[in-house]
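The following pair of complexes shares a single chain, subunit A, combined with subunit B in the former and subunit C in the latter.
Moving on, here comes the complex of A and B:
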């Protein structure tokens, strides 16, 4: 019984949950919590993007556009118009999903470089609008975002809360919240991948023509997964805005889109836990390189090139392949 | 009325010629190796920045230009040899990330060497603008157009008249067959990257007096060049020139008549429109895919 459970797709989820539970033991100060909370939100975004890139095999170089739209929808709805957080988050996701559906139809007919060009263009246009509509967005200077709030109860990084009788700080509460969100995001993605929709998507990745020949409506599934990954980005953008308390158009920038896609490719396309690792590594890298501030970009570019050249499958798939090879060798030696 | 229109047209053609040169660089590399080189804009940056810093050290302008172009050429070869060639069987996304990594790397080095400031380059000849029907034409624009035209003609001759040019064409058509007839394809690929880098750096140098130059100028210029190449249809030389010029003109007109805040959005809206109706750009090859 335990065995079949461990074999199931929930195994990874349980491991991830355990890591998230143990992690606070190693987090010393509010800054660490802030970093890990950001990581969790970004990781959930990238898990969504991976559904599109890793499973359906479609590139997006503009995903930060959807992330930024979610962030600004929340910022404007809660900040300027006084909405509550949850309706803002949900309506924002519906609006972004709709936009993704509208642009996705014509865009997803494109292939390879043309698709990357088109998604890049969509992301850029969103970023330019956020930069220029100063009356709504505050322009390049950005805008403040109120704390996350449900029925008058506020989740602020600066508050203090009591959970089952234990006093915790606001940044710890945010960490718990973001961890739960990440687990739900991963759980949903894993289920989707194993569903008939997921199988259809993988068939599109394998060979779009073969998929359509056996009766998979490839256009429908491609735009469906595009919308789902955009909704992931929008929801996480909304949470990110609440958590940061202040947003600038940088959240929708081309650089941010590149960061997202790099996390996917670096961690391992098509590996849900791999892309989480990718998000963790790329969020940690600037911290590690902080001592070489001058050379940060040089090192970042170099690491990006080297890992892509020598581990084109990504970190986690390469590591697991290496470990299982070693284990097999060891087992073979003993036999 | 006419003066205003001519003014926008001059601006558009000048910047459009630059986009065309960048797009040609994309096209060359794409044809030879099917890689979209996101570091293309960095060749422009290297050209402009190296020229500015060499002249400020007292090197004569002509020599500075030659040295800057050689530096970019070496960079192009190095990019192919050390970043693209080792990743042989990589798929499209991986190659895109590699060239993006290369562009971040090159930009990082430029930032360390030359700092973050904007640099001004002198016009090549007179600062005196030329007046045409009430519109003002910067003398540097003539340099951009003249050198752009020379490069395009030179490129056509290179591909039709020289053995090396034909070898690049042969490699782009069928790498295996090219190797069978004795073409050293790895050499040819390095050459394609070098020629592309030369084009980019010259474009970066001639346009620098108009746009100024800084370590991060390559990002947006490179992307606009990519847009121009995609509008024309990736892989088409004529498409690259037409795409570049039309992008420049539409952008200048939109900035003048509609809104200069949304100038950069023009390129990206234009590419979406073109791709919606012509998924392979204006002059893109009609490919029948084998499955």
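Moving on, here comes the complex of A and C:
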């Protein structure tokens, strides 16, 4: 029974759920909750980015642009125009998905790394617009975002709620919400990868020629996964804006895009749970190394380089391979 | 009876070099049709033109009477053409059976919604596709590798895997580019049986091959290329007795 469970395709998801359930036992104060909630939202973003980078082999250097657009769409729609959260989130994702489609369509017909250049440019353009459209976005000073709200019911980090009769604080409610969102994001990603669409995406990475001669329309699939990953980023950007309650153009910055990519590369390209680990590690690192804050960018660059050189498969796949090798050795020694 | 594949006055120039020049021939459905010639004769270029990877400089290719000029490789696959490669094209980021299941891409249409929620219809289709892929791997003789990572497989097994992937697409015509290259005598004999089996089931086979024994044994017709031009065309018997071919290639 345990054995069949270990081989089931959803075992990773179950383990992740268990970790998310147990984790609050180790979270002491609201700051811890805030950090872990941010981690969950960003992890879900890189799970989406990994579909593009890890599975389809296309690099986006502007994903923070989509994340930022989602955040600002929500901020402006709910804050300035009084929309409800869910329509703002959905319409924002549709708009961002459409922008990604427009950007990706001509570029993804070409082979090679043109997408990274184009997304780099798009990311910069979005950041510039957010910085300069002061009337709409508040410019570099940022803008406040109202609490997440569904049918008049508000989810605020500062409220207090009752869940099945248990009194919980707002930051705890947000933690539960973000955890659930992460689990759904991972479930969708796993379902997508293990399907004809997922195989087509991976074949684009593995051999574009092989993909095309068995009938895969490679341009279409590259464009599809680019749009999906942009929608992931937009939705998470919207949630992030609600959670933070205040956003600045930094959410769309180039540095943030690089951080996303570093999470994917460090955690393990093409490993859904690996990139979550990548997000956790890189979110924790600045806390641990708070004294060396000015060296943060150097650290990220160094991590990216060292990962590429010494563990090109990334943290989690390398660890898994190491552990299973040790276990096999041990089993062999006993036999 | 119209030809399944018809090539008319085909020309492909890379800069000033004509890799293929004025080539015409036609392949009837159900035939095993081989293209032979010395290295650099333009055989692989010809295959790349037929399968839409290259665009012809001049000339025309008809598949089932339809011009393929404006069609992408994946659109040709939709019309029943599939191939293998001299430089194998295997997705090393997948397992063996996933590579073969990729071949069933066109038979497995599922919407994004069905996929994201992994609805029962998708699960059923995937299970059926996996079963079919396993059968095909058994059929080509690499059945023991099902869930092996493609990157861990031997050269000979990968060659067969590529054929299984092409067959999974259920093509009307399959183009094999030097399937025997790098195989030993035993493997080549097994390959010959396999090609015969494929042809017997009604699939048209086009073959680029250096192994003369193999080619002469299984082909219905042959095309001999030399420096991009047609040197001879005919049955194995005619080719064997053609003085030009003997002089240029068979070494009389």
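General observations
Rule of thumb we're sticking to: the second predicted complex is superposed on the first by the 306 of 335 C-alpha atoms of A that agree within 3 Å, B and C clash if a C-alpha of one lies under 4 Å from a C-alpha of the other, contacts with A are read in each partner's own complex, and residues count from 1 in each chain.
We adopt the following convention: a residue touches a chain if its C-beta (ideal position, glycine included) is under 8 Å from a C-beta of that chain, and two chains touch if they have at least 3 such contacts.
Bear in mind that the values here come from a model prediction, so they are computed numbers and not experimental data.
Number of subunit A residues touched is higher for B, counting subunit B against subunit C.
Contact with subunit B, but none with subunit C, is seen for A:118 once the two complexes are overlaid on the shared chain. Applying the stated contact rule after C-alpha superposition, one finds that A:207 touches each of subunit B and subunit C. Judged by the touch definition given at the top, the superposed model places A:129 against subunit B, while subunit C stays out of reach. Once the two complexes are overlaid on the shared chain, A:167 sits clear of subunit B and of subunit C alike. By the document's definition of touching, of the two partners only subunit B reaches A:258; subunit C does not. In the superposition on chain A, A:291 contacts neither subunit B nor subunit C. Put simply, subunit A uses residues 207, 209-210 to touch subunit B in one complex and subunit C in the other. Chain contact summary for the complex, subunit B toward subunit A: residues 30, 36, 83, 86-87, 89-94, 96-98, 100-109, 111-112, 219, 223, 226-227, 230, 234, 261-262, 264-265, 267-269, 271-272, 275-276, 279-281, 289, 291.
The touching residues of subunit A, when paired with subunit B in their complex, are 53, 59, 61, 103, 106-107, 109-110, 112-114, 116-118, 120-122, 124-125, 128-129, 132, 207, 209-210, 254, 258, 261-262, 265-266, 269, 294-305, 308-310, 312. Partner subunit A is touched in their complex by these residues of subunit C: 51, 53, 72-74, 76-78, 82-83, 85, 89-94, 98, 101-106, 108-110, 112, 115-118, 122, 125-126, 129, 165-166, 168-169. Those residues of subunit A whose C-beta lies close enough to touch subunit C in the complex are 188, 191-192, 194-200, 202-203, 205-207, 209-218, 224, 270.
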